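Chain naming follows the written order as A, B, C and D, and within any one chain the residues start at number 1.
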Amino acid sequence: MPVRTPDPDPGDNGDDPLGAGTPFNGALGGSPTFGPPPGGPAANPGWLSDIELAEVRRRLPILYVEAIPVRTDGMGAVTEVGMLLRATPLGEITRTIVSGRVRYGETVRDALFRHLEDDLGPMAFPLLPPQPTPFTVAEYFPIPGVSAFNDDRQHAVSLAFVVPVTGTCEPRQDALEVTWLSPQEAASDAIAAEMEGGRGSLVRMALASVGALR
Amino acid sequence: MPVRTPDPDPGDNGDDPLGAGTPFNGALGGSPTFGPPPGGPAANPGWLSDIELAEVRRRLPILYVEAIPVRTDGMGAVTEVGMLLRATPLGEITRTIVSGRVRYGETVRDALFRHLEDDLGPMAFPLLPPQPTPFTVAEYFPIPGVSAFNDDRQHAVSLAFVVPVTGTCEPRQDALEVTWLSPQEAASDAIAAEMEGGRGSLVRMALASVGALR
Amino acid sequence: MPVRTPDPDPGDNGDDPLGAGTPFNGALGGSPTFGPPPGGPAANPGWLSDIELAEVRRRLPILYVEAIPVRTDGMGAVTEVGMLLRATPLGEITRTIVSGRVRYGETVRDALFRHLEDDLGPMAFPLLPPQPTPFTVAEYFPIPGVSAFNDDRQHAVSLAFVVPVTGTCEPRQDALEVTWLSPQEAASDAIAAEMEGGRGSLVRMALASVGALR
Amino acid sequence: MPVRTPDPDPGDNGDDPLGAGTPFNGALGGSPTFGPPPGGPAANPGWLSDIELAEVRRRLPILYVEAIPVRTDGMGAVTEVGMLLRATPLGEITRTIVSGRVRYGETVRDALFRHLEDDLGPMAFPLLPPQPTPFTVAEYFPIPGVSAFNDDRQHAVSLAFVVPVTGTCEPRQDALEVTWLSPQEAASDAIAAEMEGGRGSLVRMALASVGALR
């Protein structure tokens, strides 16, 4: 399967009004000396046009966050794993997880929350972990084989988290649906084959981190 | 300060009806071949009398769980740390955390939940983490100086967790009160001096694990 | 496959002179008030006879350490996983990992080192991790199905570590051989089927923790 | 104390021949389709001039790695913490740790090794951990107070590791000396006051992660 843009980040660029009109909602947003200038998004150094983003993607590793949404029982044990169905630009249906870029001035925690809300909707009620440490650091290289993960757009380094969600997921953006799988299904070869960029491995590592991989 | 019984485990022994009449509520409780025999608690091998517990405490390391209760903001960041005030048998007031033994046949997760409920009450609504890994393993030895932790009753090995609680804490058992401190206060030397067995260090390690230690 | 004694602990009991004559080499060994009494091992409360060990195994969860030995490249990445071949009392050959009980008065670190030396020989030169936290906590119950792990002898709770070894492994005790497998082989279903008590899952979790599970 | 450039990254820019002449030694370096073009470093998209680096630092979070070098005893327990003495451009002496940027095409592990070698010399023989997960993720913002860490040059996100070193440290680049402190000294307020950007907190979190914080 050819690897195409595995994790579009619609919150940053393109037709997303968040990306265009609201430059960044990060930790620095409220600062009088550091926030976006009144001249509009074009003058805000933290906002990148499509062309600029394409340019820096060839120069620097890009920081990402990823989240594997899970359902837990009353004792905290993982019972189900959430996966997004997404149509690629070519019309192919693939499975993916919550994923997106950390913006300039934004905390990792804020970025994680923003992408969870973008991908799962405002009623998902994710429970972000108190710890800042990811269960793994996934390194995506444009050339396959360098690591377990690849992304032909860029060199991305992703902090990956398991995030329990307690509400109702209504995918927004370009995700079609959220499906809930048992840990056994989520770790299967069949599911891994439907995920791009090596994210099937990431899901297995997530399950291992919560003791739910057999 | 002389070290006295730092973490009484009232759910296990003494006058606690849970310990006496309901031998163990653990993972094996429902098994027809493994549960408590009909002859009553005395015939259940998983229940230990005070004398027996005192005896095994001189022969084996005893497995404990400990929990540092925290309040988090909407983004999962820790804002407050819960501490129990407890009166020692000598009438001295000390601070402690949630702590107790894992019983035979009981999962670590079940033990953690049971002790949280014993110490914080039924309306605390703790959010147990999906991960089975503690933020640290605290080793308590009867002789001070072997490790950072000591307990003159026993050699105990404790799996320590940070647990967000979302409800109302009404301490039961012998705890007098739950007080909520800022991370800075909780990590202070003054608070550490009021905790027994080295648990001031444990609180600092807990705060470090959630990025809240300065 | 019937589950039989998956991890004999020859250093503790039976015909092992360490267990019989040298009561415990733990952190408390040197204490004048706490060490073994001059009356010999029989009088040392930290040493358990076979009968006593069998008895406490029905009353308390027993604390274990387990180690997955690995070879790493010069950059610390795992390249190979070590597995022990062991003959069961019935003559069947099984694969296992380093595993054993923590004794009274012994630190987790000391127990880990002792069992690595027992199982891999004195020239293995294991590099124990600076962190006290295991990659997972494996809970073995006597009844299958309670958790991913089972051990029909006892309720054991195991702190499991990945340990790089830099020297030559010459298994002692009852292990026949150490074989080195690639991460892919070690995670395969074929290998998992040759391991008892669910340790195939443990090996996969170990590989996930070092980013080597695909 | 005014916050000045806390972690100069001489391997990337300025007069460092590695940065100028050897565009990147990363995972992609050997690729015929992805490596530096024959036109020289200026044509290599992965190399950034001082001006370009200053520019992207105002647009994107920059990925860093940091390492707290430690000495361990034969059992893996941390006995000493290494700190770098460094003269600031203003001639002030400060303490710091190993720190630097991850380059485009470079793995986190390679970046960690490169900066350890840059700062501790080629004979330090660091033992990189098998795990890809940092003990914490430190977020440096240009404005103080957003998080525990700040860096007035940039928004940097740092993956921080504890790294045992087994050889001899001879600091290169602009570090003057490596000094070894006990865990207690390293965690003291006096030492924290000599570190810039909040790295005193980072050292304490590192010590907590290895169970060496009291």
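Here is the rule we use: a contact is a pair of C-beta atoms (placed from the backbone, for glycine too) under 8 Å apart; a residue touches a chain by one contact, two chains touch by 3 or more.
Small disclaimer: the values here were computed from a predicted structure and weren't measured.
Novice: Could you tell me the least number of steps, going only between chains that touch, from chain A to chain C?
Specialist: Minimum number of steps from chain A to chain C: 1.
Novice: I want to compare two interfaces, B-C and A-B. Which one has more contacting C-beta pairs?
Specialist: Result of the comparison of B-C and A-B: B-C.
Novice: How many angstrom between the C-alpha centroids of chain B and chain A?
Specialist: Spacing between the chain centres: roughly 36 Å.
Novice: Could you put a whole-Å number on the gap between the CA centroids of chain B and chain C?
Specialist: 26
Novice: Which positions in chain C touch two or more other chains at once?
Specialist: Those would be 132-133, 135-137, 209, 211.
Novice: What topology does the chain touch graph have (line, ring, star, complete, other)?
Specialist: Contact map by chain: complete.
Novice: If we count contacts the way the header does, which residues on chain B are in touch with chain D in the complex?
Specialist: 136-137, 148, 198, 201, 204-205, 207-209, 211, 213-214
Novice: Tell me, which parts of chain C touch chain D in their complex?
Specialist: It is residues 70, 72, 75-78, 109-110, 113, 127-133, 135, 162, 164, 209-211 of chain C that touch chain D.
Novice: Quick one: in the complex, what on chain D touches chain A?
Specialist: Residue list for chain D touching chain A: 27-28, 31, 33-34, 45-46, 48, 52, 56, 58-63, 102-108, 132-137, 139, 141-143, 146-147, 155, 157, 159.
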